[in-house]
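Okay, got some structures for you below.
Below are two complexes that have chain A in common, paired first with chain B and then with chain C.
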Partner chain A sequence: MPLLDAEVKEEVARRLGTLTGPVRLVMFTQEIECEYCSETRQLVQEVADLSAHVTATVYDLVADSARADELGVDKIPAIAVIGERDYGIRFYGIPSGYEFTSLLAAMETAAAGEVDLAQATLETLSRLSTPVHMQVFVTPTCPYCPQAVVLAHKMAVASPMVQSDMISAQEFPHLAMKYQVMGVPRTVINEVTHIEGAADEPVVLEKLREALRARREEQ
Partner chain B sequence: MSTDFVIGESSEPQTYDVVVIGGGPAGASAAIYTARADLTTLVIDKGLTAGAMGMASKIANYPGLPEPIAGTDLVRRIRDQARSFGASFVDGKVLRVDLKAEPKRAWTGSAEYRGRAMIIATGAMGRTNRFAGEDRLLGRGVSYCATCDAAFFRDRTVAVAGNSDEAIDEALTLTRFASRVHFLNPRADFLAPEGLVDELRAHEKITVHPSTRIKEIVGDTGVEAIHVVGRGREEIIDVAGIFIYLQGNVPITDYLDGQLPTSGEGCIVVDTTFQTEVEGVFAVGDVLCTHVKQAAISAAEGVTAAIAVDRHLHGREGLRPDWSR
Partner chain C sequence: MISPEPTGGDRPVQAYDLMILGGGPAGLTAAIYAGRARVQTRVLGGTLPGGQPSRTAEVDNYPGFPDGVGGGELAQRFTAQAERFGAEIVPEMATEVDFSERPFRIRSARSQYRAGAVIVATGAVPRPLGIPGEEEFYGRGVSSCATCDGFFYQDREVVVVGGGDAAIDEALFLTKFARTVTVIHRRDTLRATEIYREQAFANPKIGFIWDSVVEEVLGDKTVTGVRVHNLKNGDTSMIRTDGVFVYIGMEPQSDLFVGQLELDPSGYVLSNARQHTNVPGVFVAGDVQDPNYRQVVIAAGTGAIAAMEAERYLGKYP
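Here is the complex of A and B:
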């Protein structure tokens, strides 16, 4: 039974029809699939079927560990959204509910390979010399979460030093516990700073700078 | 967990002639006139009882309506009239805007909306004071979205503060996860449809505390309890989470992020045509300090702004910005 109904498929096909470049959805599962692995696998395949610009590839986290290592994927279900290059856009957990919006936005951003961030943000990102890891915890019923996820993914596209993950708090409760997630969206930057809620770009930029300062002080 | 798939607006969403933020008497009346002027019109609104009219049980002085009418019924009639001329309404809470862009843009959590002109009509039900402990424990048990965060409170005791239909809906959502929900109503009555209130009162997991206000949210690294006062007593209730849906009386302008100048009282500053300092952006109703809080006056301001929007979009003849008011 398809996950996407006819109406959603029509709208997705319309949106993906405007993609300006190829997009690869690289999905990771394993032989004995996790709770939402089969649905996530089915989702990427259904989405890929709706556009000639989109291809879906499914890997096994264990059997294809070299590929997983290459993309830095360490948990499933995972989707890497790859455009002309791997920009570091990741989804951990099924992008259902409001997060389906984030998946479509990520595909559009990866296809374009460029983003509409503020000049101050682009300048800061262009000067990065150390990796930045943004983890955005979400729930599928959170209407505020896509704003945080989309911004983090745009930052990943803007800088090869940034990797941004959407993480489903319900599918990865150990991570939710580790990062003390009791509300979403919650963005964790480099394990040291965090943002509650869907903050505006200047707020996120300041938190990113704070994380960079903290790293420099550590060194 | 939900496996529905929500599609937000596309990267190139439709551009309306007019986007109205807020669907109370001011915003909905503006929509009547812009839609009737054949301008494509979209109204984004949080809900029928979210604004001041949700608190008005009887309005008896609205011109042309001699029989007393509930505030929500009056708004519903104005909206229906706007729809009859082609205006569209969407449910949503605008989180941010870009007023300098052309077209102007507004974002809810899941969608972007664009308008050649924009009318701000979000009223003055914003909260003023924060509770002790609220900011510090945000994301540590303090939440404003049960739909988002309820799953983190499975088998825990939580509280909801509010008395609107939004607060009740969110409390009912929480019952699917939490073991007990304390509903703290700051008033003796509710500002919500009777059926919804009945559902709240009848729910076995919900304890309703009428006339009860929060004094402090207690906790070290996370919410542990709330200190409440009401009906001559004070009480500490152990909870792991507190979901807040309270209203105040300051203009709701936080989502504008300083893009429009405001007065010392936080009100948006407009000229005589209700245009703000940003061309093509108008503000009407309770977000203005010069405004007298009456539904008829809000409606009249909405109409005046709508006519100015029509002129603005069809050339500037007749528009004379006046910053004297």
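Here is the complex of A and C:
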């Protein structure tokens, strides 16, 4: 049974028809698949079938560990959305419900390879000299979440230093526990600062700067 | 006027006939009408695409859906219909407006706009309790979105504060996850519609604490309880809980318009029966101007009026 119905397929095909470059969806699963692995794999394939610009590749986290290491993928299901290069866009857990929007947005951003962020954000991102890891915890039923995910992914595209992950709280309960996630979206930057809710770009920028200051003080 | 940094100075100004501020039922209905009238329109959808219906599991009283409709699905259908008629909906928040002269000026974090007419449809946001602990534990046990966060309370105990439709509807929804749901209400009867009350009283997971207000949210890393004050007998007690869902009503989202539009003392934008504000060319629709009903069908209705009036205005003053 297809995951996307005819109506959704038509809409997705229309959106992906405007992609301005090639996109690769690199999906990781494993031999004995996790709860949402096979659905994620199916979703990736169905989406790729809707556009000539999009290709899907499926790897095994264990058997293809070299590829997983290269992309920094350490859990499944995982999707790396790759454009001209790997911008650091990751989805951990199935991008279903409201997060399907985030997947489409990520594909558009990766295809374009450029983002419409404010000048101040771009300047801060262009000066980064150390890696930044943004982890955005979501649930598929959270209408505010895609905003936080899309912004984090745009920041990843704007700087080679940034990697941004969508993380489905329900598929990775140990991470939700580790970061004390009880409400979504919750964005954790470099393990040190966190943002509750879908914050506007200036607020996220300020939290990013705070995370950078915290790291400098540590050193 | 609010002007947080950075603000859309970077980008060239974009001009539209009509700017709609808000992507909920009011703004999207206005966009459907404006699109069909071929008015060149941009919708700023803010942080909640589709508006408040996205935050509720089920809407049962919007006509045309005899079996009810998922809130998210309804919001999605409004959006698709607006897009079908050419509305450009972007997930931007207006951060600054200037309605002192035409063309009206609007800024967001990324963009600046000029518009011949504006429809304000920024809706309403949950009113906070305004008590100690609430802000501190927001996202760590305090929530105002059961559809978003209900999942984290599997087999846990939660309280819902409030007694209106939204409070009882969401209390019922939370019983899918939580072991117990305790409704804390300041009166001794629920304000909620009869059908919700029947369901709530019949649900074995739902309990009630009447005549009481929450005075403090307690916790260490996450919420552990609430301090509750009984208004009738003056007693104060501690209730153990893992989560606090706040549904004590909504406030109009009108801070942006202070000094620009006439507001009532509670912050609702004042409007006449044809959705005109005190500024010619600026119209208003939905919850941001409605202290009384706050329903999807009414927000949609006022959105349609605002769009038809805006179209007439633009016809007269292009």
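We adopt the following convention: the second predicted complex is superposed on the first by the 219 of 219 C-alpha atoms of A that agree within 3 Å, B and C clash if a C-alpha of one lies under 4 Å from a C-alpha of the other, contacts with A are read in each partner's own complex, and residues count from 1 in each chain.
Everything below uses one rule, namely that a residue touches a chain if its C-beta (ideal position, glycine included) is under 8 Å from a C-beta of that chain, and two chains touch if they have at least 3 such contacts.
Bear in mind the structure is a predicted one, so any value in this text is a computation, not a measurement.
Colleague: When the two structures are superposed on chain A, do chain B and chain C clash or fit side by side?
Modeller: Pair status: clash.
Colleague: For A:Gln170, using the defined touch cut-off, is the partner it touches chain B, chain C, both, or neither? Pick first, second, both or neither.
Modeller: Once the two structures are laid over each other on A, A:Gln170 reaches both partners.
Colleague: With both structures fitted on chain A, tell me whether chain B or chain C touches more of chain A's residues.
Modeller: The partner making contact with more of chain A's residues is B.
Colleague: Report for A:Ile94: first if it touches chain B alone, second if chain C alone, otherwise both or neither.
Modeller: Touch status of A:Ile94: first partner only.
Colleague: After the superposition on A, what does A:Gln119 contact: first (chain B), second (chain C), both or neither?
Modeller: Touch status of A:Gln119: second partner only.
Colleague: Is A:Val184 touching the first partner chain B, the second partner chain C, both, or neither of them?
Modeller: After superposition on chain A, A:Val184 lies in contact with both partners, chain B and chain C.
Colleague: Should A:Val8 be classified as contacting the first partner (chain B), the second (chain C), both, or neither?
Modeller: first
Colleague: Quick one: is A:Gly197 in contact with chain B, with chain C, with both, or with neither? Answer first, second, both or neither.
Modeller: Both partners, chain B and chain C.
Colleague: In the superposed arrangement, what residues of chain A touch both chain B and chain C?
Modeller: Shared contact residues on chain A: 11, 97-98, 139, 141-147, 169-170, 176, 180-184, 186, 196-198, 200.
Colleague: Which positions of chain A touch chain B when the two form their complex?
Modeller: Spelled out, the residues of chain A in touch with chain B are 3-4, 8, 11-12, 14-15, 18, 36, 39, 43, 94, 96-98, 100-101, 104-105, 108, 139-147, 169-171, 176, 180-184, 186, 194, 196-198, 200.
Colleague: Would you pull the chain A residues touching chain C in the complex into a rising list?
Modeller: Touch list, chain A to chain C: 11, 97-98, 116-121, 139, 141-147, 150, 169-170, 176, 180-184, 186, 196-198, 200-202, 205.
Colleague: Which chain B residues qualify as touching chain A in the complex?
Modeller: Residue positions touching the partner: 1-8, 10-12, 95-96, 107-111, 138-143, 145, 147-149, 151-152, 221-222, 241, 257.
Colleague: For chain C, which residues are in contact with chain A within the complex?
Modeller: Touching chain A from chain C are residues 4-11, 47-50, 54-55, 72, 75, 80, 91, 93, 95, 109-110, 138-143, 145, 147-152, 221-223, 243.
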